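The structures come next, written out as structure tokens.
What follows is chain A paired twice: with chain B in the first complex and chain C in the second.
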Partner chain A sequence: MQTALQAILTGVFLGGLYGLISCGLSLTFGVTRVTNFAHGDFVTLGMYGAFVGQASLGLHPLLSLPLVAAAAFGLGVVVHGLLISRTVKQNVFRPDDTHISQIVITFALGLLIQNVLLLLFSPNSRSVTGVFEGVLRVGGLFVNRAQLIAFVLALVVFAALYLFLNLTNFGKAMTATVDDGDMAAMVGIDSGKVYAAGFGIGVALAAVAGTILVTYYPATPTAGATFVAIAFITVVLGGMGNVLGAFLAGPLIGIAQQLTATYVGLDLQNVGLFAVFLLVLLFRPSGLLGRRTAG
Partner chain B sequence: MGRATAIPLALLALTASLPFWFIQTAFVLDVAITTLIFMSAAIAYNLISGFGGQLSFGHSVFFGLGAYTAALLLTEAGISPLLGLLAGGLIAVLVALVVGHATLRLRGVYFVLATFALTLIFEILATHFKGITGGDGGLSVPFLGNSPVNLQFENELWLYYVALTLVSSYFVVSRAVRGSRIGLFLRAIRDDQDAARASGVEVTRVKVGVLCLSAFLTAVSGVLYLQQTAFVDPRSAFGVDVAVQIALPAIAGGLGTVWGPVLGATVLIPLREFLNASLSGLPPGLSLIAYACFVIAIMLLDPQGMEGLARRARRRFGRRAGQRAKDAATSEAGKESERAQRPAGEGTE
Partner chain C sequence: MGDERREWALVLRGAELGRGAGGITRREFIRRGAAVAVVASGVPSLAACGGVATQGEEQGSGGGGGPIKIGAPYPLSGDWAEQGQNCLNGMKLAVGEINAAGGVEGLDGRELEIVSVDTGSTDPNRAQSVTDRLAADQGVSAVVGSFLSALTLTASTATERREVPMVTQSLIDDIVERDYRYVFKLPPNTSSTGTEAVNYYLQIAEVQGTAVGKAAVVGSNDAATAAQSETLRDQARERGIEIGAFVSFPPGLEDASAIVNQISDAEPDVVFAGGPVADIALLVKDLRGRGIEAPVVGSGGTGFLTQGLADALGDQVNGIMSISAWNGDMKLEGAAEADRAWQKEYDQPFMPNEAGTSYVAVYLLTEALERAGSSEPQALRDALAEIEVSSGPAAAYPPGGIKFDAAGMNERVVPIMIQWQDGLPKTVWPEDLAAAEVKT
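On to the complex of A and B.
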């Protein structure tokens, strides 16, 4: 019982960041309809951002965070402008073909990011050390301080995103675009701006999660592959394009991962996620909240 | 003999003659064999992802299952890879059935997400079950001497011709599928799934069936790859790298066309291999950076890949030829030929 509780607690704390990464991916998908295969690599960029901040500027990861977020948002807008938006204008016979070139372009972009990082930082793992270290003991349960702080930060960032989407005019325009892009454009929402911002915010959320993550998870150039796979599973569980659903599904995925790690095998923890994924696809393809379906 | 038969046969003859005048070193021969093997996998990939429009980033699952099955059967039971490829293919079909039923009845991006996750999972599983797969250390296939029955050759040149035979037969299969009723169903599904269903196409069954065929052929390509490397480990069998090696030639070459995967593999695989070798003095990563930039550029230029670019070039060339004809002959006939040429060039393969 103690073991199970420990697994669940750790899962919830780890799941906060999974949720943050995934709601970025879900927002990008909801707004632009682009499945961003480079999303995990933007997490990696955030990890290296915090590492460089600490190693060369002596910045605390919490101070790097706003800088990384701003840079990542800019990068996202540029990537959208240079690569993604062009595919929308491509003269194709079938609408699905732009969808394919978007997936392929984001995939190649991920490959590009991984190998630029490999070139700059070598394949060795890098970590941010000396912050949030130590383990707290609550009752009979252990809590890794870095993971606890990461969970709280994830909650704060998500709350900010949620307020932005629901209270500001631009956020409402974005939510409307998620609900029905054509209709939103028809009532006068500048969809070009919303698409670029949606992509930028998605990238920024991934990078922010990366800066927090690197305080307890070492960065390698290919670390993103695992996180993009986890994010895809989480996004589908939360319902594609559903930002709140993706965030709430994060801790569930964390729990599933930790229970598998505890009872089946540490190295098989992500296999358990895939089992969850297949079950969701078989029984609830529209996600647990089931508000919207993709396609 | 029409052009449709003459061109492939001429190319086949040309490729078969390469070892006599072009391939002079063992390294080039190795690259050529790798190119042919991944070309065959790309053709198999194109069946479901190109003709069917169901993009996959996990065909390495089938490729790796073929390689592992054949390796295990040979090392544990001494069974020839010729039987191993049947077994590997069937196991790949089983996995394809499960994934296909779970994801291909849904629309949208579920299939590409599932295949991507699946290939990562298989990499983890192959690393975990050390007792069977040898874990991270991988499996080495012993050389049993020159025995065609075991697909092992003293002279690598034989493997080249085996791979060429494989590519040729896949090409024939690919053409047959495209020209068949199933091919028609696939195109209908890709263009408009609702309309296809309304016209009586059993959408999910067609998609799953073609995925199984694609998985089987990809597994056989994996078995041949094992014959070349005589070694298999989780990273070289499953994993994203191999998935990319299979998918990108087909995508950059031109999805949904018979020639796309052939063209894509001919350019991309040697590009990657030679960049790897020639830049070996430089830090790692550069070859894949070049590779990724190349793919992005192609996709931005034309979502139909190189085949689409080639088609556009042909059309422009055709138009210019028409222009020249017009200049040469001041008569109406010149204009007539230009007009006639345009719709002919417009036709999509």
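On to the complex of A and C.
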């Protein structure tokens, strides 16, 4: 029983981070319809951002976090303006064809980020140490302090995102664009701005997740890529484009992974995750909170 | 994930080419793309370094007065680039010293020159093709490489076919189990590192008066580490140690608590572990965070031996032990000098074991060149097969001498045990090589 509780607890806390990584990806997809294959590499950028903040400026990762988020948002907007927005204007046979160039572009972007990081920092792992060290003991259960803080931060960031999307005018415009881009444009929403901001926020969320992750996970140029497969599963599980769904699916994925690791075998931990994923898709093809579309 | 990305990069380069040509047919586009892919993956980027760049100056370095070329195929890009570069730098250090001291004496003071090629980190076929070209076109007298066992396995088939001797710093047994005549392996076999991790630790525990009744064995499930973990487990049982937990995990963990739960339940006196540095860092942090203070002993392999582990763990790295092949502070003539020269040249806190092995390999080749009186690959191979060194930098390898058996395995070699102390790896076992006492 103790072991099961421990696995669930770890799964929930780890899942908070998965959720944070994934809701950025989901937002990007929901708003811009861009499948961002470089999402994991933006997580990596966030990790290095916090590392550089601590190593060269002596900044606590929590202080680096807003700076990294702002820089990442700017980067996202620039990337969108320079690369992604061109694909939307592309003259293609079918609208879906723009996905192909977007996939290739984001893939290439991911490669570029990895290799620039490799050039700047070498493949050696870099760590942010001395913050959130240690493990808390609650009753007979253990909680990794860094994971607990990551979970709380993920909740805070997600709450802020949720309020922004539902209470501000720009947030509502963004939600409207997710629901129906063409109609939103017709009622006067500047879709160009919404797309750019949607991409920027998605990248910023990835980078924020990275700054939290690096407090207990060493940064290497490919570290973020470890999480990208899980992020995609989380997004689909939550319902493509549904930010809340992605956030809630995170802990579910975390629990499935930890329970499999504990009771079936560590080697198979991701098999458990895929099994849950397939089961959900079997019974709810549009994901947990996804809507059925008219086709 | 990274590998697929690399494949994509090739496709992209193909696409770029296609666009530049403008208005070409689809077939032409694909053909050109494929050509780019072949060029990018198959052809080595040859770069001479260490001495003067003299590519294509003369074919074959058997006669004449030109430099004696030594091939250096290493992963200089991708995940293993750091270790590949360390090996290359270790060779450069030795070549620089030998040339500064007047070259190879017995061959009219001819200098050594390194010919470096990049094998990449992931593709054994590429390692084979670049090494083949090195042996066929560059007139190398010998090759030292390729660090990663998977790359060495294929690179050595190329040197065998071209009848060029290869000295390797790779670990797995298979390299010297194929009846090859041209391969010479310096470090211990993986089958012995797991065994020796147990034996050495028991000897250390005996000196310290600690009882070892129960052990946990944890290792990543890649072929080399899995084999190590299994031999380690069997040896521990053989020596009467109960195995409280045996955990195999996929490298690239997101979290280590599922492993730590099992270790915690087992309450072991010692934890033997192996795997990549990020996983080991997660594991140790979680163990220590939960107050499990059992000694952690690495079964051999890079994860426990790089500066990255010290960076990730901070003070928690101190006390961790690991099997290694070479360390700069061993009580062996020449090791400390190499370590000091390394720190000065590359501004790093210590000379990594793979660099040390590569450094010794170059001195050993030089010794063989002196004895052969020729830089012909065949004569060099015969000299290596006969060689027995027990002094000087060529013998700065545990236990202080090198001799190869008929299969090309260094029959003298013993692994060493290091312990991280004050953020540096210190040799603590065997006693006659140790530079420091084990700390608890």
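Some notes on this structure:
Following the convention adopted for this analysis, the second predicted complex is superposed on the first by the 287 of 295 C-alpha atoms of A that agree within 3 Å, B and C clash if a C-alpha of one lies under 4 Å from a C-alpha of the other, contacts with A are read in each partner's own complex, and residues count from 1 in each chain.
Convention: a contact is a pair of C-beta atoms (placed from the backbone, for glycine too) under 8 Å apart; a residue touches a chain by one contact, two chains touch by 3 or more.
The structure presented is a predicted model; accordingly, all values stated were derived computationally and were not measured.
When both complexes are overlaid on chain A, the residue A:H39 reaches neither chain B nor chain C. Judged by the touch definition given at the top, the superposed model places A:V116 against chain B, while chain C stays out of reach. Once the two complexes are overlaid on the shared chain, A:F107 sits against chain B and chain C alike.
After overlaying the two complexes on the shared chain, residue contacts for A:H80 are found with neither chain B nor chain C.
By the touch criterion defined above, A:T226 reaches both chain B and chain C.
Of the two partner chains placed by the overlay, only chain B lies in contact with A:F274; chain C stays clear of it. Judged by the touch definition given at the top, the superposed model places A:V135 against chain C, while chain B stays out of reach.
Comparing which residues of chain A touch chain B with which touch chain C, the overlap comprises 104, 107-108, 111, 114, 118, 122-123, 225-226, 228-229, 265, 267, 270. Residues 3, 6-7, 10, 14, 40, 104, 107-108, 110-111, 114, 118, 122-127, 129-130, 133-135, 137, 142, 144-145, 147, 216-218, 220, 222-223, 225-230, 257-258, 261-262, 265-267, 269-270 of chain A are the ones that touch chain C when the two sit in their complex. Residue ranges on chain A touching chain B, taken from their complex, read 35, 37, 83, 86-87, 90, 92-94, 96-98, 100-101, 103-105, 107-109, 111-112, 114-116, 118-119, 122-123, 221, 225-226, 228-229, 232-233, 236, 240, 265, 267-268, 270-271, 273-274, 277-278, 281-282, 285, 293-295. Interface of chain C with chain A (complex): residues 1-2, 5-6, 8-9, 11-12, 15, 78-82, 221, 247-250, 252, 254-255, 257-259, 261, 265, 277-278, 281-282, 285-286, 289-290, 306-308, 311-314. Contacts from chain B toward chain A in the complex involve residues 53, 55, 57, 98, 102-103, 106-110, 112-114, 116-118, 120-121, 124-125, 127-128, 190-191, 240, 244, 248, 251-252, 255, 283-286, 288-289, 291-293, 295-296, 299-300, 302-304, 348.
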